[in-house]
């Protein structure tokens, strides 16, 4: 984690700051992280409550103040983060650097574009640091298995998505021609939206075929969706099954990925 | 099962009571359990019928009486249960102890808060004892495989739930900003509710995007939901597949992965 | 198949009839089956068209006549079937015997209870004979793998269904208390129906929570449904995976069910 | 790919044309493909925009002209494709040949049947050539695994579909008799449509049972749908899992089940 945030700096005050902000081994570092997590959760709650009419009517002023309070707090924190790393630009460009900036920007932008401040809920992603603070390494390893499986299936899922997007375009056009504007399918983009709503089995019902032919066609699409929804499930299952496999290392060539029942290394034939 | 309910007591009448209430080996114990099961089913039916307007109009008085009858019956049973175990507090704090108390409390509370008595349907969980009475050990072992698989996947599912909850918060805020209150997305909590309805492919349709941008964004969320719904399925399948295999080691070649019914190692023919 | 339909009878005319009706090896038998399949498909189409208002207005008389024509045809066929087997009662009690009687009964009953004749579509199940006629043995073996997998998972699915039914009862009662009759949840049965609609991710939207608390509770139910829908999928996948495994026989003890990578019989240690 | 498009012709100009149109190794061939892909994407965008009322009002004339421009372009391309292969008829009858003709026909047909031009979005399928141009061979191999798995499950899915279609016919008739025309189930085809909407868990809600008996029956259908949706998922998962493994045999111990990247037998260490 630390490596991703730029290397530890040389100067003494910077080193100390880095320890507090980026590490959780010292009491000060741990206290900082706990306070940070509370602040994040609170600030997200403030944003959510601010959107609810009845709360805004009663506590509007307080919620507005709290929003600015947290934004300024996170802005100061962001500046200190940049100060405490050796290469501030590299940190600013990292995943957590982007999340940090996206977590304060909307409040400032809301001065120009009212309503944008509701995007502040993106702050919840900062909670991903939680795993580091509480040393939830077991959870990290579980998350690792999940992400490995998802990354390994990325290409298969890419091919699959391309196929699905082509399919919904064609299906959307067909239903547009079959049902037409008088039945709510007012243009092809809307019809493609219907095709996605149907194929993913979400089925809002805001658009539904009304003619007999349209219902017949929709039935075919739904049964097709049966098979289609099975594909990503199958892909993820197979990959999860693989990445859950024994992580045995070969003593000779240290290759990984052997089956649980392998007796010899499948790459160099050494006995495992 | 018995071990969880506190140890068998010393005194003779307590021992006898314990045999009848907690065990199903003696005729009296079996008869008690059969009567109990009938009472549970009947009392749940009474509660359900009581909620239906037409039945309540006709049989309101009778159903009310039956509700109190069953509640007093289960209260007496609960007292006897506590009397028949050596450590009543430990039993009261166990899973079945809690279910027992939750099965009688709503009737008493309904005197203060009308309507609470409908929660009495929680009594149906008492039927889980059914497996013990009829010695449905094969079903118990199947249930065991299921729960083992689910428990083994608990951590993975925890990580997954954390990710999903963060995701729906961000998605909910985005759709709130995109669609706004004029299209029914009246606040962020409601919008998060929409995000969950969409990602889980439930799709009631009480809230649905109406603007073009909203429908485009919803389409992305739905296709995302494709991949997301695949994850828990994949996790459970892999764990089920694992827990369906025994973890026996071959004493000679120490190979794993033998089926539960294997007598000899499938790799070196050694007796397991 | 033939064995299930009672043994081949002794008398010559009966033998001949049996050959035509139950077997498909002779030209007459094959012709009979082809005619039968056409009659079944046509009669189902007639029933379906009869329910469509515009067709009934135009061809009502013809469709009514056709319905009686096919019913009398199938009745005669049924009588001949009974005549051609040695033990008619045994055939009448078999799966196909029941389908046969259910395929003709509704027409006669419709004289007493108008509308019942639409149940004649059950005739479509008679098409299952199709696999026998066209010797689609490969399909039969695929169907066999599917049904084996489903039967093997029956007990697990039984435990699962029991758990789901308990769950929806409790969930239904809770939403009934939370939302109440003013929001459409008019009684507990209706609320249980809502719980099933939600947990299975069907989500009609005819009933949807309107209060904030109700939507919060529904969100939990939906996320729960995520995990729950994964369970039957996992069960069926694991069983399919097992029943798709090599059907290798041990040369010594002829046991089946060895893994594809097994070298020795897991029951008697013989080399495979 | 080239083999499917007919063999490379003899004459020099034809050879050159074939290189440009069908191959992507030469600079001219690559440029042609890149231009083609842009034209396809643009033409699909034009068709989609043409269906949107507000765009058509403003740019109707331009979009109409663009549609004809692309159609004439693709017609010329199609003629050149036919000219550049040795056996034009064989190409015209191939998968891509059909897509090519379906991509230009609707514009011409729209002169006779207005509205048909929206089917031009089928052009998006021509993008499948993209994999060839950019040598996305890894994606092709992923697509290959997917299609192999789907083809291998085709028969199982066929049996499954036959069962599902019989089931929805019977379910549709039953709900038609239970709910009847006064609740929206106006005929059996509509009721079968409802059965498919429910079993696939799409659940639009345009049709939903209103009587108690209807809701009870629908609940059973939905829980049935639980199990049914698990079947195609299970089938595809098992096939994917199989096709992800190589079917290599060990020359020494003839064990199967080695991973695609294995160099040595994992059971006896022999070089594969």
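To keep things simple, chains are lettered A, B, C and D as they appear, and every chain counts its residues starting from 1.
Methods note: a contact is a pair of C-beta atoms (placed from the backbone, for glycine too) under 8 Å apart; a residue touches a chain by one contact, two chains touch by 3 or more.
In this text the structure is predicted, and so the values were computed from the model without any measurement.
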Worksheet item: Same or different: do the copies chain B and chain D touch each other through matching residue numbers, with over half of them shared?
Response: same
Practice prompt. Report which of A-D and A-C is connected by more C-beta pairs in contact.
Written response: A-D
Item to complete: Enter the angle, 0 to 180° in steps of 5, of the rotation superposing CA atoms of chain B on those of chain C.
Response: 90
Worksheet item: Which whole number of Å gives the spacing of the CA centres of chain A and chain D?
Response: 29
Discussion item. As a quick test, compute the distance in whole Å between the mean CA positions of chain A and chain C.
Written reply: 42
Worksheet item: Mind pulling the chain A residues that touch 2 or more other chains?
Response: 189, 192, 201-205, 229, 233, 235, 237, 241, 261, 263
Worksheet item: chain B touches which residues of chain A in the complex?
Response: 44, 47-48, 51-53, 115-116, 118-122, 124-125, 127-128, 138-139, 142-143, 145-146, 149-150, 157, 161, 164, 189-190, 192-193, 196-197, 200-206, 229, 232-233, 235-237, 239-241, 244, 260-261, 263
Worksheet, complete the sentence: chain C partner, complex, touching residues on chain A are 201-205, 233, 237, 261
Discussion item. If we count contacts the way the header does, which residues on chain B are in touch with chain A in the complex?
Written reply: 155-156, 158-160, 166, 169-170, 172-174, 176-177, 180, 186-189, 192, 198, 201-205, 208, 212, 215-216, 218-219, 222-223, 225-227, 229-231, 233-235, 237-238, 241-242, 253, 255-257, 267
